[in-house]
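Each of the next two complexes has chain A plus one more chain, namely chain B in the first and chain C in the second.
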Partner chain A sequence: MAKLIFLWLKCLVSCCIVEAVFEDQVGKFDWRQQYVGKIRFSHFDSHVQSSKKVLMATEKNVFAALNTRTGELFWRHVDKTGPEGNIDAFLLHGQDALLVVGNGRLLRSWDISVGGLNWEVVLDSGSFQSACLIGQQDTVKHVAVLKKTVISVHYLSNGHQKWIENLPESENIDYQALYSGGNGEVYVLGIVPHSHIAIVVYSMEDGEIIKQYVNCLCEMYLFIFFQSLGLEVTPHFHPVLVSHQPNAAHQPLSEFLLQLGPEHHLLLQLNSGQMVVLRDFKPVRHMTPVLTSCVFVSESEHNLQIDILLKGLLHLSLFNAETGRRLLDTTQFLSIDPNVGKPESIYVQAFLKKDDSVSYRVLVQTEDHTLTFIHLPGRKLIIEEALSEVVTMEMVELPLTGTQAELEGEFGKKADGLLSMVLKRLSSQLILLQAWVSHLWKLFYDARKPRSQVKNEISIENLSRDEFNLQKMMVMVTASGKLFGIDSKTGSILWKQYLNNVPSNAAFKLMVQRTTAHFPHPPQCTLLIKDKDTGLATLHVFNPIFGKKSHITPPALTQPILQSLMLPLMDQDYAKVLLLIDDQYKVTAFPSSKNVLQQLQETASFIFFYLMDSSQGRLSGYRLRMDLSTEQIWEVIIPTEIQKVVTVKGKRSNEHVHSQGRVMGDRSVLYKYLNPNLLAVVTESTDVHQERSFIGILLIDGVTGRIIHEAVQRKAKGPVHVVHSENWVVYEYWSTKSRRNEFSVIELYEGMELYNSTVFSSLDRPHAPHVLQQSYIFPSAISAMEATLTEKGITSRHLLIGLPSGGILSLPKMFLDPRRPEIVSEQSREENLIPYAPELLIRTEWFINYNQSVSRVRGIHTAPSGLESTCLVVAYGLDIYQTRVYPSKQFDVLKDDYDYMLISSVLFALFFATMISKRLAEVKLLNRAWR
Partner chain B sequence: MMHISSILLFIMYFAALVAVSWCFTDMETGPGAALFSPPNGGDRFKIEGRAIVPGLKTQDWVSSARVLVEGEEYVGFLRTDGSFTVNDVPSGSYVVEIVSPTFRFEPVRVDITSKGKMRARLVNYIKTSEVIRQPYPLQIRASGPHSYFMKRETWGWTDFLMNPMVMMMVLPLLIIVLLPKVVNTNDPEMRKEMEQSMNMLSPNPELPDVSELMTKLFSGSKGSSKTSSSSSSSKGPRPAVKRR
Partner chain C sequence: MALPLSSKITIIFSIFTILSTRFVSCNNGRRLNNDPLEAEFNSFSVPLEHSFEVDDVANFEVRGALVLKAGREPSVSLAQQQLSEYDRAKLKEVAAVDGLYRIRVPRVLLQADRQTERLMDGHLTAFVRACAMVESHLSDVITLHTDVAGHLIGVSIVTIPGACRGSEVEDEVDLEAFNTTLSIMAPVNAPGPETALFLERMELETEKKGKNPQEQKSFFAKYWMYIVPLVLFLMMSGAQDPSGGGAGGGAANGGGR
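Let's look at the complex of A and B:
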């Protein structure tokens, strides 16, 4: 019975605070962009004549089919991250795509039209070398997989193994390549370094070795061979041969390409043992190509080849392979943005048009992970795959327009006389009226035009802040070193900037130094790029609205950087001061004007910071001295033999807490312990045995080093996700004992009275806070977690949880409240506490992204908007999803479904009713008077 | 209203669960573990099963669905016929779930012993050792589409009329309008009776009549803020009251 009451209460509560998307809001405030990552292998679908499909296997372990015209995904399969989901090879045969996954562990066959799996087989262990399709008598029915020591052949139809053979002398010979000429024989090529080449020929039927060749591998031979062709080569050259086999059941083309140097290619033909040079592609004189790459493409009888030269310009043309002649009307020059980096790989599909002329599609991938689809009439489609690895981001407010700034300026200035103020007021009202009229006129003008022509083009020029500051600029930093500025309302990329000197293992930290609020000064963002190995860092200072690099020269950083912190101090140009601490514990300030240094000297005694050395388990606190040197004031050693520090989380600096306490059932107030200097340190045990592993959480005051609280979760392991905000810390871990995910919440309270209600000082808090903790079961793993954030902190908080299923759950913080009672009392009911239930529910109504799943959420960014009720959310991972959430519903603005029609019709009806009844009453009075 | 519907949902959900478990009992069960050489110590096994969405072709949903074993630790894909295999799973206990943006599937816990014996059971996070057997190879049937959206509170005439405030206003009005018609006021006996009861109700005849007061108040500026029909129909009964 008690359980039933609990259930009832739970339902009641969950219904009361339910917050979900309405069906008509789909796509109104939210958008999603899906990405696949950097391409490793790609094939155009040439099975169907008019197919617009391109298949991609990427370095993010994603296999996807894309529309070449629109860039939309037909389907996408996201495998495990890491080497176990790594795609080693991709072969395409008709409708079947064959993938070798996880260093030759799995062989998968996909149906590319449906996007479903045909079959999957497990291969023998051994590191993968090569795979190829085997044809016999004009049909392709088998696939061969070559590993270090074995070769196996599988049926294409069901994946069953036909035969498996050990390779001879596999300990000496490094087998690398597979080839089948369509005659029922499988050739395996192996190399003994600095000695010879070994070729083993297997029979396709039973796997017997038919022949074995051994060829001498000698550079001199090649040298003589090239000289016989009349070519001059330097002694240390690396020839690369490109040949093409259009169908695995047939012999490859007799023509092939030989790359002699980075800019020198030869088209050769092998004709009954004779080698003929068909065409010599040499660097063109007047333009020095940076890169030349040649690809064979084929379409029925035409054997074509594309030659690409680059010098800020992509030069594409088709050549007939049989004659070496260039085909007419196939040459194309495409300018490529110089700051996108060099093209890395090029995929070409040539096809016959209806009028028998040849056309082609090209897919170019450049160094910054941009995909460019090029169709022959010069149409281009650009997909920014760099956005599949967003590392960090910020949301920057848009600038005010000129008129808006003028209006705002009125309030900022000092009053100068009554009359002038009145005049100013009137003029600003006039400006507003004018703006409104022009807006109306535009609405009217647009309404007359057909809907298709009305476009709300957003460009950098017309960007301006909206009424409630709901539209912001999303500045995104990607792992490839490309920066993006994205409009949060539409998701269109407004600017992009490729930083080509970013090391591959860089760590990024993005900081907003100056917002758009200081009008004549442009907003300013600073990106700290740190090489993880050396610790050396560089600063990139830019304008977040336009993406342009700032003319301000950042300080040169010669020492490895340990820590960076933004101070609330501002210089005379309203830029916040950034402090960088190097490994000599010296402090560099940026900007470092005289004004800043003076301010720093004045406030030095209040500036504290902490450093974390996770390799030695040392967490230490420092204080800034007057001469900008530092002194250590505390140190906490976490023994590395037992546990290692995983994360150190402080609170967000832009967070506001509105209420100082909570009103209890008996009308007393429980005050929150709101320490802005509190750090949550999460540790994991080094012992991974499931009986002995544990998770530790330490709450340390960052100024004094005082340990406020320590909690240990036994029989638990990571990954741990932490959110630290207000007076609470929520963390999630895996319980090895019960094999489930668990949430734990710690809340800190000062007690019934506040020690010093005006200001919080870490140095003057004699009483330790009361600590409350509760844990819950969560029925799913999680991939990222963040709390909502609003302008003033009045709105209740929700936790945004990214799930592996692709949903983003908005879980009210109310459910994670350590004061949830086990037994319901009158007081707890008064306080609106939900009775304790061990399991938290996942309701699909709480998914803020409904069916728009976001794969592999790596981070969730929340930002306040101008409306207190609204919080802007961006989830990024493989995809990017942007939306708005209203944790306490929209209490400060009319809902988007507000029925203006109803209210106005009711008003009119009432008005007419009064009119009519007035008239009737008059008639009645008159009648009575006559009586 | 709201919680009643959610309780209904709960009941339906349980009914669906019972139905699903019935479906399972008549399916054949048996271990289907295969053993093969391990890549890096410890035996690796495979989890097999089949996902069913009733009344829908598999090609419509398989491309967007995935099989997740214990979060994203092991990932499997659905074949074009809806069956799936997750390879390379070491022994242990795992929660297997099929995730699809459109359909809801119940998760299943699969236990694999170190010898490769498989067992499937209902997921119970609170009593983790409780065993309610499920068929293995897994048969996971979709329990309907996900409900992501809240219903908008639409405005309809019935909602308006069923509102208690409106009911409170409309019912007395009906009584005022209909009662004089039912009771024949022209009958002199009846009138006498009524007068008597009226006098009993208001023993002080000096007090001003309430209805009189109201008409005085409203006749000047405001009509009764009801619809025109109600005010016109009030013509009938009002004189009847006043004539007394």
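Let's look at the complex of A and C:
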């Protein structure tokens, strides 16, 4: 019998949860965008003339090939994060791309046509300095790698080491550069600071030292040299030399560029020991040369490129290196979006067209990490690589359509007489009718066209809320300081805004102050940008739908900001009040109208907030005073010698909990402890020894500072991922004892009766809740975790877990329930509790992103939609993935294949059958009466 | 403002009021039976201070003495004075303006060997609404929390009942003595995954199955006595027909050739 029940339970569980995507639904509700990050090295594939491939190695340790026309990825390899996967050098030779990875730890060769690995060798330890290809007799067969103390040469074909030599006097000389001129010699250049330059020449064949030079390094020489060219230089200038060696088997071009300053470039020629200035590029007529690059067109012509920035215009042209003249027909003006920042680096590929004219492709990277591909006829393609580093995001509801807004506006306005109200009502009804007719006409018109031609382009003009509020505006903040507005349905970027003044180590907090619900007032978002070092902050207020900066001037913040909090209070324009607490414990309100200040004075004694100082382990609570100063009311100090606070996590303010309790097997109710002010504080021990390390979990009431629960997980260490919602906290940690990842869940219950069922007040909840906890083994590490969120909180909750493998797992909260019984009883069966099993399994059908792996998930954002069953999910990291999840299946939606015809025909048939039978019955009655 | 006399008395009392149990309910001034000699060894006392002011500016005064006993199972007890008439009036006043009643204890390390190491600088504070204190007739629950190493990290105070309903309180009778429930809480050990128990249960189940070989028998093994006669019967009854069927089949086969 028990076995049967088990089986039945298993069936029930699997029936409840199976929610994989059908094949025809792929890409219907979800989309993915893949990025590579900011470019460190890039080469155009010039192996094949008509190749559209550009290869790039990025700061995010990604090596990828992109299509220059469409921007699509041909292939992409994502290496380890951090210094281990750092790409130190990138050399391209024909079909082979050579990468030095992880500070000279690995040398890899990739086949660029398919992105496959040719070979990989582990190099000797030592910090990497430089690498170069070595040619001999017109062929390139070797690659040399220079490290701090050794130089090694490897075969290009298989990576085997040809020879390795120790560098002479490597403790004194700082060897930095490698060069090979194609004559079978390898030059190594080293510097002894403030003394001289040492050059060692090795023979390619056996690694023997052929020659050793020592040159005097003297700044005076440079001065004399420049003066001989007729140039004036300042004492502390850093010249940068740009030369070009088209083939490693040949000498580099005799012409080269010298960058004297950010806006001053020289084209020089070295001719039998003589230096000749070919052209001097100076700022002239508001044109400043900013970027230069040498490119090679063909054997006969050597070319280089100068790009001149002219007030938002990028002016590209090719110059002939031999004469210094500008080539005609290669000049191009390109308007650069004013909010992309300055160009940072440039990569050029020049080639001869069929009619022997010169053409080129350019890849420009700007400060905001935007890549712009420019093809000569003026076509350009923009890729927003800033999106590879999303820091925080919000989903904002779209505004109503014009007609809907009209209707809303009618209710919003003050009543001014019966007649005008009637007229207004009639007019809005007319508008609605008109809109409906035009909608019908459009439907009819579209239906005649073939399906593929019906375009559903989303633009900022026709943005409007859909029926179930499934389409939202994703406002994304990236680390480079660029803001994006992305349509959640298609993933297209609707607006972007680059903030110039963002410090590099900024922390961001995005808050929605006013939603679209208050029609005549535009929605309003506020971004708090805080410099992590100084604590100084600025506010950027903008409209999340159009990305425009608001005309409202935010308060000037002169003091470092410690904490910010959004109050449920609203001003007369329905903007929520944002409080900013500075290091003097003074409070600044935004907006700070008279109305707001009055409201704040009235409610000051009910406004509490907490501050966390993790360097001292001090968690303190404050209360607002009438005069917007604050007073400390509680303090908890966690000694930093023992443990340090890692995370403080409250609950999400927009979360709704539908049921106050859980119905037990015996029909009694176990009430949840739903404290909206509860904080989960996670600490990690400072002692990292695997026997003594631990993780601490404190549940603290944010208003009274009362420690509700305090637990330690022994023999465990971080990183800890926490989700705090409803009456539960789920956290994941690494168990050092068993060497595995474990999940633990804490649930809080008030007991069988509620203390005060009408309202929750932290000040009046004397009884401590019952705490239940259970732990489970999880077979994988995790990189991000979040809980689903729905409109009313009726739908059961799932945990969304981003795995390092790229999957996003939707794990039902049901499996993380401390009430899962060890031994199955009649009551637990009644409650539908799953019997306890120590291991949580990963089922493949729980992956919500099927085969669309999301690399390096850093965060998951969930937002409710208008449908109770549906939760919108965005996972971001290197990639961005958006989808919908239905934790309790689509209980409030009819299926796609719902048979409307059948149901309506049955209905009609029944209706007519009743009519006919009624008539027949009447006739029969009449006949009987006549008898 | 301070009450030097009463505080001194409190400290004197505190030497005697030592308990070895973890949960202690102390009434004002009541001597508790214990052996002071045994407790003196590793127990020490720290002041418990409180503050209630009409203008809400903290001004802490000694309310009582906490006697902390270190050890494997740390325990705590409290000796405290009655509220003076002046304080009672002030507390009622503070309650009337919805002020706060705050308490604080110094940060201490319970497991230290020497007295000097025990005290650390800084205080831990907590509060409760003064009206709740008044309306509960000074019945409060104070909990001290320690971390794994025995540092005091937090203190919390609640009153039972906790609500402010505005009910009348007779100060002479109700506001004289504290009725404090005191406890000290160390962090609990969070459970790990219970594999051992689960495996045990699995073993038990397999054992149970092993004990009942009856259930392990296959369907055929169980019911062979019914199946065999049935099959025999069918064969017997079918034996008459095959002559006709077989003949027909034969004819068909023959026709095929």
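Keep in mind that, in the parts below, the second predicted complex is superposed on the first by the 785 of 931 C-alpha atoms of A that agree within 3 Å, B and C clash if a C-alpha of one lies under 4 Å from a C-alpha of the other, contacts with A are read in each partner's own complex, and residues count from 1 in each chain.
Just so we're on the same page, a contact is a pair of C-beta atoms (placed from the backbone, for glycine too) under 8 Å apart; a residue touches a chain by one contact, two chains touch by 3 or more.
Note that this is a predicted model, so its numbers are computed, not measured.
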Per-residue contact with chain A, leading partner among chain C and chain B: B
First (chain B), second (chain C), both or neither touched by A:702: neither
Contacts of A:638 with chain B and chain C, given as first, second, both or neither: second
First (chain B), second (chain C), both or neither touched by A:838: both
Contacts of A:777 with chain B and chain C, given as first, second, both or neither: both
Partner chain in contact with A:485 - chain B first, chain C second, else both or neither: neither
Chain B versus chain C as contact partner of A:918, first or second or both or neither: first
Contacts of A:850 with chain B and chain C, given as first, second, both or neither: first
Residues of chain A contacting chain B in one complex and chain C in the other: 738, 777, 838-839
Chain A partner contacts - residues on chain C that touch it in the complex: 56, 98, 100, 102, 107, 120, 122-129, 132, 141, 143, 145, 147-149, 151, 153-154, 156, 158-164, 185-195, 197-198, 201
Chain B partner contacts - residues on chain A that touch it in the complex: 7-8, 11-12, 14-15, 18, 20-24, 74-75, 77-81, 84-85, 102, 105-106, 108, 111, 114-120, 122, 124-125, 738-741, 777, 779-781, 783, 804-806, 838-839, 844-845, 847, 850-853, 856, 897, 899, 902, 909-910, 912-914, 916-918, 920-921, 924-925
List of chain A residues in touch with chain C within their complex: 605, 631-639, 642-643, 694, 696-697, 700, 704-707, 709-714, 735, 737-738, 742, 744, 746, 756, 763-767, 773-777, 822-823, 836-839
Chain B residues within the chain A interface of the complex: 2-3, 6-7, 10, 36-39, 46, 58-59, 62-64, 66, 68, 70-75, 77-80, 84-85, 87-88, 93, 97, 99, 101-102, 104, 107, 123, 125-126, 128, 146-152, 155, 218-219, 221-228, 231-232, 235
